[in-house]
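Could you have a look at this structure, given as structure tokens, before my questions?
Here the chain labels run A, B, C, D, E and F in written order, and each chain numbers its own residues starting at 1.
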Amino acid sequence: MQGDYVRRIVQLALEEDLGTGDVTTRATVPADLLARGYVLAKSPGVLSGLEAAAAVFHEVDPRVTFEPLAADGDRIVPGQHLARLAGPARSILSGERVALNFLQRLSGVATLTAQYVAAVAGTRARIIDTRKTTPGMRLLEKAAVRHGGGHNHRVGLSDGILIKDNHLAAIGGADRIARAVAAARAAAPHTLRVEVEVTSLDELDQALAAGADVILLDNMPVEAIAEAVRRTAGRALLEASGGITLATVRQVAETGVDLISVGALTHSAPALDISLEIELQRADGEA
Amino acid sequence: MQGDYVRRIVQLALEEDLGTGDVTTRATVPADLLARGYVLAKSPGVLSGLEAAAAVFHEVDPRVTFEPLAADGDRIVPGQHLARLAGPARSILSGERVALNFLQRLSGVATLTAQYVAAVAGTRARIIDTRKTTPGMRLLEKAAVRHGGGHNHRVGLSDGILIKDNHLAAIGGADRIARAVAAARAAAPHTLRVEVEVTSLDELDQALAAGADVILLDNMPVEAIAEAVRRTAGRALLEASGGITLATVRQVAETGVDLISVGALTHSAPALDISLEIELQRADGEA
Amino acid sequence: MQGDYVRRIVQLALEEDLGTGDVTTRATVPADLLARGYVLAKSPGVLSGLEAAAAVFHEVDPRVTFEPLAADGDRIVPGQHLARLAGPARSILSGERVALNFLQRLSGVATLTAQYVAAVAGTRARIIDTRKTTPGMRLLEKAAVRHGGGHNHRVGLSDGILIKDNHLAAIGGADRIARAVAAARAAAPHTLRVEVEVTSLDELDQALAAGADVILLDNMPVEAIAEAVRRTAGRALLEASGGITLATVRQVAETGVDLISVGALTHSAPALDISLEIELQRADGEA
Amino acid sequence: MQGDYVRRIVQLALEEDLGTGDVTTRATVPADLLARGYVLAKSPGVLSGLEAAAAVFHEVDPRVTFEPLAADGDRIVPGQHLARLAGPARSILSGERVALNFLQRLSGVATLTAQYVAAVAGTRARIIDTRKTTPGMRLLEKAAVRHGGGHNHRVGLSDGILIKDNHLAAIGGADRIARAVAAARAAAPHTLRVEVEVTSLDELDQALAAGADVILLDNMPVEAIAEAVRRTAGRALLEASGGITLATVRQVAETGVDLISVGALTHSAPALDISLEIELQRADGEA
Amino acid sequence: MQGDYVRRIVQLALEEDLGTGDVTTRATVPADLLARGYVLAKSPGVLSGLEAAAAVFHEVDPRVTFEPLAADGDRIVPGQHLARLAGPARSILSGERVALNFLQRLSGVATLTAQYVAAVAGTRARIIDTRKTTPGMRLLEKAAVRHGGGHNHRVGLSDGILIKDNHLAAIGGADRIARAVAAARAAAPHTLRVEVEVTSLDELDQALAAGADVILLDNMPVEAIAEAVRRTAGRALLEASGGITLATVRQVAETGVDLISVGALTHSAPALDISLEIELQRADGEA
Amino acid sequence: MQGDYVRRIVQLALEEDLGTGDVTTRATVPADLLARGYVLAKSPGVLSGLEAAAAVFHEVDPRVTFEPLAADGDRIVPGQHLARLAGPARSILSGERVALNFLQRLSGVATLTAQYVAAVAGTRARIIDTRKTTPGMRLLEKAAVRHGGGHNHRVGLSDGILIKDNHLAAIGGADRIARAVAAARAAAPHTLRVEVEVTSLDELDQALAAGADVILLDNMPVEAIAEAVRRTAGRALLEASGGITLATVRQVAETGVDLISVGALTHSAPALDISLEIELQRADGEA
């Protein structure tokens, strides 16, 4: 349902880990030994990354089966089994670390997102992500944000128009906001809304006058955001952005802003603790 | 000096961001407008990622010049200029976010590593990384750990032997440590040391008897680590691992252990705040 | 400024043509013979494809210089020189056919687009393309449409929402248009407008009530399009689509519709006649 | 049975269309909804492209089944079902446009070829294609020509020798045709025939004297072609080329020429109208 | 269990052979004809390459089954069936040559290795390979050496430290061996042993004093090797290297050296004669 | 001048050797140390592989210059300098082994070919190669055969028709040779000659009657080859193949056969001894 971004990051992650082969496993684990495994939650949080984890094991060895026991977006508790694996022991061991690296990071993103979403419960604000994502993980992290209950900003530079300070400077002139909005309307597909970044209420007024569909309020104090909401009166969507933390997000949301974007969701979420339990299936019947 | 890992993650990061093109920039920035830019530190820390950032801009447009004003591994202060760019404004704007994503994450890793290294100053312990890295970023993050003053564990499964619990279980039997070490010696290139993971002092004794070159003490209390150092008496390198934090690392180091591995260096380092200042070079001479 | 789509189609086109090497040229043209060449228009039209043609020769041999003498989007006349090449004769001969294949097709698209654009001159209608493009040539053909004076619809499935009959059927129910629009608003990035395809004035009313941003009138007669314009009264953008030809496009445009999409721009444009004149630079001074 | 050309153009076409994902379908179609589909002819013609269409759906989602109900090369009539699909509705919707883009273009090529072939029925002339193909589609278009009853010229520069004006100029001298043929015989694999392009009867005589296996008569009037056939008297194959249309091809064929190459088969064939009917399989039993 | 090295060399080998398709087979073999085949030994030796051969046929056509009748590492005799294939005749014919090219070369390496291993039977010496491998075949040839009873040196530059003359020259100074060993210990992962190349007994003494783990005796006469073994007395592993042939290897081994590296194993092994017998399964029941 | 085959094998060879980086060089050689190097012949022979060697160093580091001092195809003598390099010492050291692996193997092929060519001097026979090449090295080895004075058979399955026993069996019937030749003529591009493999003089007669352009005499005794030459009397080219060695090739050539194909040229040529001398350019002026 999308280009081969996920396949490529999975392959890259495996290649950098496997290199020219897993020498320890080749030396100590018989080629015909089978194993079962359980992906195991060790901390509470929100799950994300099952698709990538399944892709890792499939890429290592298509004979490994991967059966989810929970779904991305689920709240999980320590001790919970999240997926069940079975297949050649060598293949499970060789894929273990990479699969966990995906699960831990993505579940970390989903979990942090869920905290932000919970903090604004009952307001009209959507918690949205940014382009401050991990290189190569953009689509997986955008999905993790959705799993945590957040929403996505544009995926990248081609599926959204966001006119920022440097674009305005390139246009130049006192009426640069109006002219930039017009230029975007003229040049871009009609399927895209036009969003403009402003840093003051004066610029907000200009953006509204220019007919911007969405206005990003960059690093404004809460009072100014509240005033922006009043002035806009529904004529455009408003996005608050810049330095918003778990401690301050509720206050921002209560201004009535439509969207709150938080870079930390993807650039600074700590990993969630998840591990893999493996049971070897010895030929003599002992597990 | 290495395979094409860095080029591939840079390309992947650009492709997921640029998609089918930067519609905003195409609409608002003339194709012939030039710009200068400065990579700017906004928080104190240790720098890493200049190579990747340079590769990003080179990949977007080879006409963009990227001149480092600091070196990876340098301590940086807020306000410091880290690199200078010049080239077509469109290309600089289109590469900005991806380049910063690399710099912020990698400098975050280097900065956290430096904190661990400082915490063990004066002891014999090396702070080392793990395989708990960001998918696709392994080599860049391993370099970031070095930039922060840490050392690297093996890069992946092919440049180090590490016999873990599941490998021992696959070998089986009461003398499984001895047999696993022997199997690794027999099968692996002679260029690799043999490291074994143990969870008790009894297993440590077995590993020493088996002639392991390196022994990983998994999740042992500090007292047990200290006892392990005494028993080993230099016959093998000792690596402490498992749940070690900035708060506890000094105490572990003071046991005399050789190596302390810390997964958080790469799986949970928060991004360091770094931005890009851009000056457009207007045809009419105004910057 | 975009992912590597253009590079990939250029490489693929060269690989399928060059195969394991140009046996004729290797047998008959000395390795050190130099040549000059001119890209030459042989029919009137609108130029597109210079970027791809330059990329072809650069890929074959970076020593070949390619200097445009006209710009994409220019009207060209038979006999006009469009670009000047110089470099090793072998490399120019080996790249000639592939470069012309790009230029002829893309200029064909630009030329046909320009005819549609001319036909609606003076109306408010934008001529836009569709996703009925040549496999692998999407971005180049989208640019060719712009060079011909047309505008682009969404590039692909990720930069525009277009709810079509099958999406509505999946939602189901009498209020499926309203529910589909709401579902799209809830799930998609706020940067995208919501467009719905309707086949009757009754569905148009539902789409307007649902707050669709853009409404595609699928295969409607001109009278119904005119009525749709009246009913909509500026509350949404209207796109006419389906079986519109050069003979009928003016009539459609005069209804006041905002957008007219024409699949033939990219799926059935005949190639424009363009060739390459080559002058060999013999060692003895004869050209 | 060939390199990965087809796989690569299929992947490229999907990547440019799917981008970072099909937002409309994700928002409106449940992940577990199944569908059936029929590829449907809407115009009469000759079918080509089933292999590529099947590859598209397989690449999008291996769970989609694709069962041909006709064969490439078949004459098809409006309303005829050409293939049957079944699988997840999301996957069928996401692959629909790209699959049709292949089928429409390739069937357009096969259909136009069949018209040329019919025009020369009863003569000895083969209708053959050229290297004026769509970038990336060479092998598929060559197959489409065969499906239309035509034959292939060389696929590219490595599976045929064709000495053209610029090669002759590189050799130089009054006896350049003789020397070029000799050079090709000396340097090329013995598995390749030597073909030379000539523009006059005098050059034809030289080519015959040089022992060329095949001679291309470039842009010659019909009378000259007839004379060339007489002079050649079976000593070489003769190929007529240049500006031959459906209106003139019969006359050319009746000269007794062996081969008639037509660039328009691949560079200017209009798309054939083919669509996809989709039936969603609702959970409640309604189709 | 390793990166995609094997898949890539298999694909490359097929692409260079299949090019734009197997014209002979397409012309003469019906698409629905089935065949069986046997991989047949025609000379005595040691088998290697079954994995690559299976991958070749799987890549050509996943419907071809490939059933090994022997195992890599087996001694084989002329007339022995090594594997059984079944599937479409076209696919078997198109993959035949490439599969045999892998089997013949790799079995040649295994066979030559086995001769060296036999020659040192009863000594402590391991026969090991070098980096003088066929480009693209490194991992397959390393496995072939193991199949022949040999052992592997490091796979490449990242899984072993080997300080050679140029590295020592870069360090410089009279104590360059000591300083180079120390530098490697400081910079490299602790999972790698440090090996140093020496050319004299004096340098050997320095390397021992520096604590090198492994010492490569480069092109030393047998007497010097014997003296090196005495002086080392087990303090380091000793590798003899340089110009050792089947005629001289036993003598070298009897010095008591630990490792003998032989470049010829991979750079000059003649191919082993292996062929493919094919039985077509005619529709009328005749084989 | 050809697809990206050479680039791909060069990249693959470097990736398998460099892996995650050259740890020894990084530890011991300063990043800013420069070096010069000479490619040095150590055995007499014929040179081939300079292009690949240059590509290796360019791929490792574009700053390394590579200046040929001899040309592919030259006879070389021990001690002769074949190329001069200059650049960063680290890059030269990291590329050294891979570049030599190409040069040694390809010069080995050229040298062996030259021996066969010398053996048939004065006869009409061309020495030609086969498809028994090293996987991934096809084009480079075909060039090496030319450098040794030999000629090429078809590169692969798409640039030559060769009807072998299994193709004939697929056609079946007493007149299978005639029907196979006709089928190939009908289906294949007219640019290809038709070659048939025969195993007896009776089959030769059939092939001649069928009008085959080239006939391969498979494993026939010299007397039969001589008789075949007499019977053919120039009506077709004759290729002798099968088990021909340096000891027997002259005798075969003297029968008057046109082509002699020798698999050993590429499957069993020993490497030619070539090395790289490196001079480090120390900062203090010492070389």
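Following the convention adopted for this analysis, contacts are C-beta pairs under 8 Å (C-beta built on N, C-alpha and C of every residue); 3 or more make two chains touch, one makes a residue touch a chain.
Since this is a predicted model, take the numbers as computed values, not measurements.
Student: Report which of A-F and A-B is connected by more C-beta pairs in contact.
Tutor: Result: the pair with more contacts is A-B.
Student: Just give me the whole-number Å value for how far the CA centre of chain B lies from that of chain E.
Tutor: 33
Student: Calculate how many whole Å lie between the centre of chain C and the centre of chain F, each centre taken as the average of the chain's C-alpha atoms.
Tutor: Their C-alpha centroids are separated by 44 Å.
Student: Quick check: how many Å separate the C-alpha centres of chain C and chain E?
Tutor: Averaging C-alpha atoms per chain gives centres 51 Å apart.
Student: Using the average of all C-alpha atoms in each chain as its centre, how far is it in Å between chain E and chain F?
Tutor: The computed centroid separation for chain E versus chain F comes out at 21 Å.
Student: Multi-chain contacts in chain D: which residues touch at least two other chains?
Tutor: As it turns out, chain D has residues touching two or more other chains at 2, 5, 15-16, 18-23, 25-26, 94, 138-139, 155-156, 158-162, 189, 192.
Student: Using the contact definition from the top, classify how the chains connect: line, ring, star, complete or other.
Tutor: Graph shape here is complete: every pair of chains touches.
Student: In their complex, what parts of chain D are in touch with chain C?
Tutor: 5, 8-10, 12-13, 15-30, 33, 35, 52, 89, 93-94, 97-98, 100-102, 104-105, 108, 131-139, 155-164, 166-172, 180, 183-184, 186-189, 192, 264, 267-268, 270-271, 278, 280, 282, 286
Student: Which of the residues in chain A come into contact with chain D in the complex?
Tutor: By the definition above, chain A touches chain D via 1-5, 138-139, 155-156, 158-159.
Student: Residue numbers of chain F touching chain D in their complex, please.
Tutor: Its residues touching chain D are 2, 126, 128, 151-155, 158-162, 189-193, 195, 213-214, 237, 239, 258-259.
Student: Which of the residues in chain E come into contact with chain C in the complex?
Tutor: 16, 19-20
Student: For chain F, which residues count as touching chain B in their complex?
Tutor: Touch residues, chain F against chain B: 11, 14-15, 18-23, 25-26, 60-61, 90-91, 94.
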